[in-house]
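Next up: the structures, one after another.
Here chain A shows up in two complexes: once beside chain B, once beside chain C.
Coming up: the complex of A and B.
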């Protein structure tokens, strides 16, 4: 089909079709296709950090959080193989992790075989299960990217999630499938009774799979995935089948999602319908996008930030999902590059050696803005309490201060804080913009 | 025979309700190439607003005002949200509407709480219209059918017979030409988005009393609506109608006739294994049609996508 015909049949002619594109001026993107040479330093630092973390945060609950974080990182990286690197938006990716996890659960319960299997090998089975499913589903879903792909992924996701109550033999119905990881063959004497043992197992898989995923993005297939994302027609003209390139990415992503599922099975020893449904798929989309899809390390930041947000915020307020939703929509609207994009914006500034120019303007604008937003959040809490608390229960605590929510004073105070904070931020924003322009312009020249 | 008639009516109600949602969605899609993930959330907002209004002014004012508010909100979302995100491309647009759907659900929980609202059928319509051999058909169902058909005819009339409809149709296929002729195309887009979401709002107002008004109602119907327009062919209004009715009838019939998989398998000559308890296919043998009624649309969608990737009425090169 010619391009002209394509353009004619496009229903949305009014607005030119744009996609996330790579920035050729960026060093990371300039790397020669197929080059397998990778910068070693960040990986060594990451590995050392992973080893040292349990010595810094010795608390058991901290280790639980870190386990959850690591699993989310692997899953988010696998998801970004589709969204960021392949331009495919999936609304049902939890299914691959879930099926991988369920399969691992069954391996775990298959006592004769499991007794002879060292536990660290178990996630591999999850990966294979996720990959098998991706092989089947991808054969028809990767025919096109964009909206059609998104819809198919949603449909398949819903289908398999709904199957979990019907195919009881595999998904275990409503109560799910549970098992016991300690029945595995001891691995050099370690029986994985303690959270800390599991932590190192997960950390090992985290480094391994992150490295493999990074290497995958450097292979010719990985680079072609970027090309197909940016301009499928052109890739086709070069002789590459866009469909097969998408298919390879999809299968690889399914594999790593399955590994994340297997680690989930080891860590929690139970899988239920919740691991499959659209809500989990939505969460991983949120995590990945929050972190930033444009950079390899984006989902890592996203997973860390989101897990912290979830665990810390959900202890403080019932409304944490609401704040997460607001944050997500704000990210899509104002910072489509996510956290990683925001960070990388500062690289040129540091390169020019002008970072100190930004410190004062940042303090002047962001500090009042943060205070104003906290005031706003306090106001939201106040409204929520006023509307939903049981009658007679007028006392509430916001920011470690307890007061009567039916009194006028806290309302006035919070409105004042929000108004003044945001007002100052608005007032100083132009000077921040000016400083930013100054900091990103090389001396003695215009950009 | 009588039961078939009752099921036909029930399926028609479900199908037409689906159509009210999918019509707006497919119209918006063919215009902007954006699948509005938050469409079902506007349906939910319609139900909640109507409930709130019906407390003060009664059901009929709710039916009148709630869709208007929802439509204005939809137009606002297009103007201040989507138009901004559009510069980043299609995938971020889809992600934006997805985020919006999450946010609206949280917002509804924030304002109205997690429980189901006591939004019920108005007394005027709370009687049995007629009975088919003992199966009573409530008047409200007939009312729903009439409202949906009236809206469908109205939509068809506006789109094909009026000047506004002509301009909208022209803007669908040749937006730049229409713009060059002096029409404000972005305004048309905003209007269509507003009308589409208002239609979803109407669906919410009339479905709220029967299907329940609770925070999960958007997600219950939302994915089915997407399935509908994928089956019908993205961007096709007739396809949306046919697919909606098809899904409405399929699910209704599957729920009311208890067909067991073992009967079908026995019928084609496969004998039930004696050791069913240990058989790995035991779930396949015990499956019944009411059990899988809710996932039939998804199976249908997957089949359609495999054998006819552009949907029933979709254009070949969608």
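Coming up: the complex of A and C.
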């Protein structure tokens, strides 16, 4: 404290004249007032939306999709505590969700205890199981970030996935572990027989976990996680052990991953090796990166987008994973900020009140680009069908049009669509760039 | 009285090359001490040994009489020793304000807390703002630290270094690569923020050294060849031969 008082009593230092002097009090004061309040509005909107969603999308399959989405959101947010907030790239994070889920399944099958446990409390056990595993693994894996951490995470991930056929008592071997959530003690009369009951249970945990994870990022250890991510050495010279900061993030992340696993157990009532393996770990990395690691809400967008791809697109085409892969590569190469980064790029534009300058150029470039890409996707489908369909089965349907894949005409049409669409997009791209520069430059100023 | 910092028989070898060849040095409380020497003399290595960035091959470092052997940098920092770096070492993606606030967290006792909200802590906000005021970066408060000008980043680095209230402050070439006016500005800043503290600095700019330091040590090839008041050191023929002469030659 003495430091601060002393600092306050110091006269204002002489500032060299050549440096820019804007009015310091104004903006700084406003920011200070603003920074004292944790923004409540987005949370209220999110909660209201979650409550209302089942009234908009009423059928059971939509609710199933939303349940999966919510679980993925929690898992992706937990994963981003490592990747985005703490700078730790994990290739084996599915094991924390998986172990949490398996543990919940065992609690479910532990009938005497489970009969006295209200189901909404079950995910807590998953969280504790995930956290316990993270406590052990983190004690050696967080010693350094970077490649060493990534390799250890991969190794541990493989190790535990391999255990699923070795430690059959816990992981249930190849058929996994299944149970019945309705044996829990009824929660205010609700027995969770319906998908919609489960939906609200998951929605409750989604809001709670997301809020807690957000608040965690606002605490001293959460802030230092960012600092350690950016510059571990400097953090050490500020009194913080980079390793312990990483460890705390890791343990917290394990907890929330375990919560997601517990919710998975409730929703599907079965866990198998698939919940632990590297493929699942890869998916969560993809989801998080697609959404954007740089912003807290990035993984939320990523989880929504990916779940839609996975569920809606997979009904349309067998090749959905291929498109997801292409999207991921494109994200890494062209917009590393992810979907959230793309959205947030536009904040300055709106702040300058120049958003309408972008509408026409966007239509001119992005619409043909989208049509061209769809044409390209149609070609991919055509090739796939041509090569893999059973002999004699020449009929296929792309974009609600049925035609003969061995005929030359659809090839010509799709090549033309792809070529013209992408061609127009390429032609108009420079003017879009120009419009973008114009829209991001304050009037009368240069950047 | 125990000295603020005491080095005894400090040695450091990298493989066969001995970079620091037995240093004994004692720096009193509230003393401003400059370490000078030609390039490659081992000044930065000496700093890194004191702050445990590297372990010494031999010898001890004592801070307020406490032996620092085997301690990690963060433990040494908690004992009240803080340092800056020759290459600007800040958190480039975080805002200027956050940079300073992070530097306050440990010393204000928040440790690894995950139950305090940093935004709601008036002591943190006001403390960080007081530091920003001191280093004249209030107007840059909400910019990412990475976009500041070089001199501003150096000022921020000094701010981060002193923010924790450490009573022993080590600055590694705080004015390196600066224009004359920037150097004057940083020198004034250092004088202001290290009031009443022990300051140990490595510096090439003789103007800064003679303007700031109470005592000077001259390091040549890993050994201290002279320690004393600026005027005595300046008059020392060995120093003139080994360092000042060489430096003058280099300038011509």
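Just so it is clear, the second predicted complex is superposed on the first by the 410 of 447 C-alpha atoms of A that agree within 3 Å, B and C clash if a C-alpha of one lies under 4 Å from a C-alpha of the other, contacts with A are read in each partner's own complex, and residues count from 1 in each chain.
To be clear about the criterion, a residue touches a chain if its C-beta (ideal position, glycine included) is under 8 Å from a C-beta of that chain, and two chains touch if they have at least 3 such contacts.
What you are looking at is a predicted structure, and each value in this text was computed from that prediction instead of being measured.
In the superposition on chain A, contact of A:221 is made with chain C only, not with chain B. In the superposed model, A:112 makes contact with neither chain B nor chain C.
Contacts of A:87 after superposition on the shared chain: chain B is touched, whereas chain C is not. By the touch criterion defined above, A:167 lies against chain B but remains apart from chain C after alignment on the C-alpha atoms of chain A. Of the two partner chains, neither chain B nor chain C is touched by A:443. Looking at the shared chain after the overlay, A:59 reaches neither chain B nor chain C.
Residue overlap on chain A between the chain B contacts of one complex and the chain C contacts of the other covers 1, 10, 12-15, 18-20. Residues of chain C that touch chain A in their complex: 51, 53, 72-74, 77-78, 82-83, 85, 89-94, 98, 101-103, 105-107, 110-120, 123, 125-127, 129-131, 133-136, 138-139, 141-142, 160, 163-165, 181-182, 185, 188-189, 192. Listed in rising order, the residues of chain A touching chain C in the complex are 1-4, 7-8, 10, 12-16, 18-22, 24, 27-28, 31-32, 35-38, 215-216, 218-224, 226-227, 230-231, 233-242, 244-245, 248, 252.
Chain contact summary for the complex, chain B toward chain A: residues 29-35, 81, 84-92, 94-96, 98-100, 102-103, 106-107, 109-111, 113, 171-176, 179, 185, 189, 219, 223, 226-227, 230, 234-235, 280-283, 287, 291-292, 294-295, 298-299, 301-302, 305-306, 309, 315, 317-318. Residues of chain A that touch chain B in their complex: 1, 5-6, 9-15, 17-20, 83, 87, 89, 91, 140-141, 143-144, 146-148, 150-152, 154-156, 158-159, 162-163, 166-169, 278, 282, 285-286, 289, 319, 321-322, 325-326, 328-329, 332-333, 336, 380, 384, 387-388.
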